[in-house]
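Sharing a structure with you now.
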Amino acid sequence: MKITSQFDSGNIEVISATDPADIRLAIRKDNQSDFYQWFHFRLNTPHIEAHTIKITNVNGSAYPDGWKDYQAVASYDRENWFRVDTEYNGKELVITHYPEAESIYFAYFAPYSYEQHLDLLQQAHLHDRCQLVELGDTLDGRDMSLLVIGEPAEGKRNIWITARQHPGETMAEWFVEGLLDRLLDDEDAVARSLLDEAVFYVVPNMNPDGSVRGHLRTNAIGVNLNREWQTPSMEKSPEVYLVREKMMQVGVDMYLDVHGDENIPYNFLAGSEGVPCFDERMSALEQSFRAALLTASPEFQNEHGYEVDAPGKANLTVASNWVAEQFNCLAFTLEMPFKDNDKLPDELYGWSDVRSMKFGRDSLTAILAVAGSLR
Amino acid sequence: MKITSQFDSGNIEVISATDPADIRLAIRKDNQSDFYQWFHFRLNTPHIEAHTIKITNVNGSAYPDGWKDYQAVASYDRENWFRVDTEYNGKELVITHYPEAESIYFAYFAPYSYEQHLDLLQQAHLHDRCQLVELGDTLDGRDMSLLVIGEPAEGKRNIWITARQHPGETMAEWFVEGLLDRLLDDEDAVARSLLDEAVFYVVPNMNPDGSVRGHLRTNAIGVNLNREWQTPSMEKSPEVYLVREKMMQVGVDMYLDVHGDENIPYNFLAGSEGVPCFDERMSALEQSFRAALLTASPEFQNEHGYEVDAPGKANLTVASNWVAEQFNCLAFTLEMPFKDNDKLPDELYGWSDVRSMKFGRDSLTAILAVAGSLR
Amino acid sequence: MKITSQFDSGNIEVISATDPADIRLAIRKDNQSDFYQWFHFRLNTPHIEAHTIKITNVNGSAYPDGWKDYQAVASYDRENWFRVDTEYNGKELVITHYPEAESIYFAYFAPYSYEQHLDLLQQAHLHDRCQLVELGDTLDGRDMSLLVIGEPAEGKRNIWITARQHPGETMAEWFVEGLLDRLLDDEDAVARSLLDEAVFYVVPNMNPDGSVRGHLRTNAIGVNLNREWQTPSMEKSPEVYLVREKMMQVGVDMYLDVHGDENIPYNFLAGSEGVPCFDERMSALEQSFRAALLTASPEFQNEHGYEVDAPGKANLTVASNWVAEQFNCLAFTLEMPFKDNDKLPDELYGWSDVRSMKFGRDSLTAILAVAGSLR
Amino acid sequence: MKITSQFDSGNIEVISATDPADIRLAIRKDNQSDFYQWFHFRLNTPHIEAHTIKITNVNGSAYPDGWKDYQAVASYDRENWFRVDTEYNGKELVITHYPEAESIYFAYFAPYSYEQHLDLLQQAHLHDRCQLVELGDTLDGRDMSLLVIGEPAEGKRNIWITARQHPGETMAEWFVEGLLDRLLDDEDAVARSLLDEAVFYVVPNMNPDGSVRGHLRTNAIGVNLNREWQTPSMEKSPEVYLVREKMMQVGVDMYLDVHGDENIPYNFLAGSEGVPCFDERMSALEQSFRAALLTASPEFQNEHGYEVDAPGKANLTVASNWVAEQFNCLAFTLEMPFKDNDKLPDELYGWSDVRSMKFGRDSLTAILAVAGSLR
């Protein structure tokens, strides 16, 4: 039996992997941070019997409640990620696995590797309507890459989408992939209509270093990028600094910051009710977008989510709040579950890479519904 | 130079095909009918020069106004159908073609062959949620095939979709293919939500004989099926007779009859305002569906279309009217253009097979929006 | 329960199809001929139980011994054709079928439709190195189509390949599809090397009318084309007449005429030992090709096959003999089984469409081995 | 303008990247080694003009003659790798690039990433006939993975294939991918015949650490694995140690060690003429294999290659020599060019990933030709 995590976004420590009935593992912390929850490893086993895999340190993880009703994902081919039998006993996460083949990967959610990310960028930028803009370097020396879709022109709206500030929230990059697939489809009517009135600025991965390192929430040196938007620096948070500079340069008329949530088993939006400039126009826009998204995708709902910020009480270090206030525009944090979507549960896959992509695709329908009213 | 139409849905007569500058053709009438407008043929030419192809009898066709602003479609590979330079001079339709390869197909719209139809049925019926039901024989001995998607259950709505009563309106079967692709996608939220509350009865091709024969509007013996719904017979219109029997057996809560329109360059719906039972409930349902379809697809619009029937003046021999009245339910004729969609024009493809499929796919979003209110 | 054959290459007559335990069918004769053996039909059944399908007139078919150890092919999706439980009791062919889905196709061998044929021609001719040449009309008005691959040039060999003179021998067109796939692959070394020294003239289907009509051996009016090569006529055998004219015009340095054999469960070649001009050069060439084909494909063997013609005793009305004598060149009839290849049996698929394609592909390796010695 | 190599197998140092007409770069040495020749980087440029890229330290690289007549490869989409205008002026390698899109990758040969490697393993091992065996850890903690294809049984030959001891020779893993594709194809006759008499032991990547690090010839600590076969150790060369142990355990009847050669523009084999046990049997086997490979693939030739070792003078630290002597069996080093194959030059691609895969595929035909004689 052999357990490895020495690959892109791998994260596990082996305590004991000799007895199939008692495999004991632990999740590594993000570098220079106490956060941990993301795991990703591969098991190779010659034993044709049930394997009991215990992740022993989940109690101390960033979101212990995230393990309740959570099922781990696994894949034999690294393409099809399905849910496996998982239980949280209040102390350990226990995955029970009966091998159908000798090698299997387990993860917190379907991974999205840096190689996939580089493929996404190259394939996207070959479209006539798409441009790949490099903003600068991360702390580990990777590229901060921006895709600009559509022809900038007088009067067009600037719609920004960022994903994966928290690198373990891979569903955010799957969402972006689905959205880009449609936006770059020359025969799709929603895409064509949107690009008549808007330009999209898409950052598919805000945190490449954390992604490769197998982090949950932070960049190479343990910084939570979604608390850096008021005072980013090239030393601590170049990822935010560089994107923010570009936002200031081109402007923002609408913003979606795409995330995953460990606890809540629903897709939901967090708006900007707590930012100082929030007013009726912004409230009306928020309602329009929520209504259109309800029509566009049954994956969405408005009942479950975060508590709404009291007026003036928003945390302006958070991306969507900072953008809403800075640009006086419609801005949301969009959250997808690590668990299943309880509105439309799927025993086999739970919330998944495929559903995230479709949700990204369908969200463009809702963006189109408000695009004409953004200014 | 050689022109052929001896294949599925082929239709052309060669008057003269010797001089590339003066190729003269005529469209055949539907068997036992005066209708004609559909054409489909292949040109093989060794000449590397401009070819002028005149269809000489378009003035007498079913919809002479259909030729205004119409561009023929062509394909080198039988997969990618693009628009070619076409002019209607008031007498002839003149296609100008400069060959990029020696063999090219021309058609009135992207064809959908009987072999494709048989493939569609077989592939669909392999899904767990889909059943292929054979209703009986056409006059030429082909199968009248019905796909039933979803598990019938107490309280579920019965949603019927029929396409291609007029066999030359191939966009109708492309629409159905797009709709089925989504409906049979196990990870699509719209499909999953719909099948929780409804069962779909889909007839992808109401007129296989006319389709294979290269007809515009009628079946094997020249009968216009969309005027047969009050008194169909196994002798003249078994296609309608058999489908109608099944409708009576299972019931109808919503009905879309999918068509193409020769004249109007828009996608539009024709409702049931003129049927005797039309009332406020039906009117409200119609408005809901139109509104949801506007959100779901920018290909749709509500401004252009047929004149609305005066109350009680509907032609009840027409499928959607007969169904609306018989089942007191929401029923539409859905029309797509042979020309381009002037709301979102595309010089290269015009209205196309691909756009028809996407429109079929997106229309499910609008069906979901009304599904809960159908009864 | 419903059995249909009203589609491309369909052939069956229903005697009785009411009791799943006793379905009785018969094969139709080729038009104006007594030959029959090809069948192709579809069964739609609501019964979830074993079905016993008897083809009752196989004793009088063209090759009654062909039914010994023969297993019929079937497909649920019209793409994957597998073998089904079949027994020949000396009088009837009895297929036992337990339905896994409600609709299934049965055939004598994996069908190759005229629509597929038209697709093959169009896709092939778009390659730079391939040209589609139309030779004239069949009796039913279809195109006799020739693909020319490679640039004619001084000193290059002319290699001719024809398939499916007998339309029920669909494996011949599958073989050609596999061969063309490779020949048109710009990065395949065998293809590149071959086209440096030869031009290929390929007729993927010598008998389109018989193919569409569901014939075993003859064209639209019951003529066996492979007995027409000495005196073809536009009245009886335009298919041969037109191809022969073209051969005379461009010349032939090697010829493969591709067939299926009902009786012998092996792939084999029939050479030209019986033609008057057969000599040592030709014999050496035959041996070289046979040896190279043995290396290139384990599907091939030299032990089983037809009895070799005595010197001077060849039937010169047969294509490969006529060509060998006329052009004093290497010429073979290549035969593949309707049954399995007993050298390498495959219980699931028997000899198949896929194996025919691979065999076509690999045969190019053997052609390359002799190409330099053909003249 | 931005040049990056912070990704899998990236290797470049930027000296100056400000002036498109004078971009100056250098290749990094393998860790703890003086070898270097592999490069892999990405250029993002806003300038629509010719770019002159100079690699300034090629004179000191491992194989300076390798730069003569060498053309670098590049890709816009990371899938299609084509040759670009490259000149070696005796001091620098000068690549001239006119950008068709803003982002492009350059490399010494088409890269094969560790993620691709992991995909290859997972997809292969899902086949019934394939097993994934983990042998142990590399120095960087990656898996040494072995694919076993076929059912071990009395009398079956053990055929070993290893690739990429030198990690920069990526063509070796492309070769293995092509070979595996065919070997795992259930309907391929060569594969089926081979697996009737042999079991394959395939190590797709002998040097994962060097591969990820962007090395040319050595592992994580600068050891040339192909000089370690007599005395490998877990400290210096665990990659060789682990594979060698497994070879000793199961035995070897034939061995191909797949490589790339920097200098010689041909595919060729280096045999075991210099090992002590070399005898007539081995010589005959070598000749048989060479002859069969000539028939199987025109990419192969026997004229150009390394000088043959004098009897008894083989370097037994080299894998193929060590195996030949240890197991008294047929063993080759198979070399493919970094340049083009001058026997069949291709201006656009040169020798390529695709051609390497096809060569791997076709080499199985030659292995089959000798498989029966291996013992």
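When the chains are written out, they are named A, B, C and D in that same order, and each has its own residue count from 1.
What we mean here is this: a contact is a pair of C-beta atoms (placed from the backbone, for glycine too) under 8 Å apart; a residue touches a chain by one contact, two chains touch by 3 or more.
Here the structure is a predicted model, which means the values were calculated and not measured.
Participant: From the mean C-alpha coordinate of subunit A to that of subunit B, what's the distance rounded to whole Å?
Facilitator: Chain centroid spacing, subunit A to subunit B, equals 41 Å.
Participant: Could you give the separation in Å between the centres of subunit B and subunit D, each centre being the mean of its C-alpha atoms?
Facilitator: Here subunit B and subunit D have centroids separated by 55 Å.
Participant: How many Å are there between the centre of subunit B and the centre of subunit C, using C-alpha atoms for each centre?
Facilitator: 37
Participant: Taking each residue of subunit A in turn, which ones touch at least two of the other chains?
Facilitator: Within subunit A, no residue contacts more than one other chain.
Participant: Quick check of your reading of the touch definition: is the inter-chain graph here a line, ring, star, complete or other?
Facilitator: ring
Participant: Determine which chains touch and list them pairwise.
Facilitator: Chain pairs that touch: A-B, A-D, B-C, C-D.
Participant: Quick check: in the complex, which residue numbers of subunit B touch subunit C?
Facilitator: Per the touch definition, subunit B meets subunit C at residues 2, 4, 6-8, 42, 44, 75-78, 101-103, 105, 113-116, 118-119, 121-123, 125-126, 131-134, 140-143.
Participant: Touching residues of subunit D toward subunit C in the complex: what are they?
Facilitator: Touching subunit C from subunit D are residues 187-190, 192-193, 292, 295-299, 344, 346, 349, 352, 354-355, 358-359, 362, 365, 368-369.
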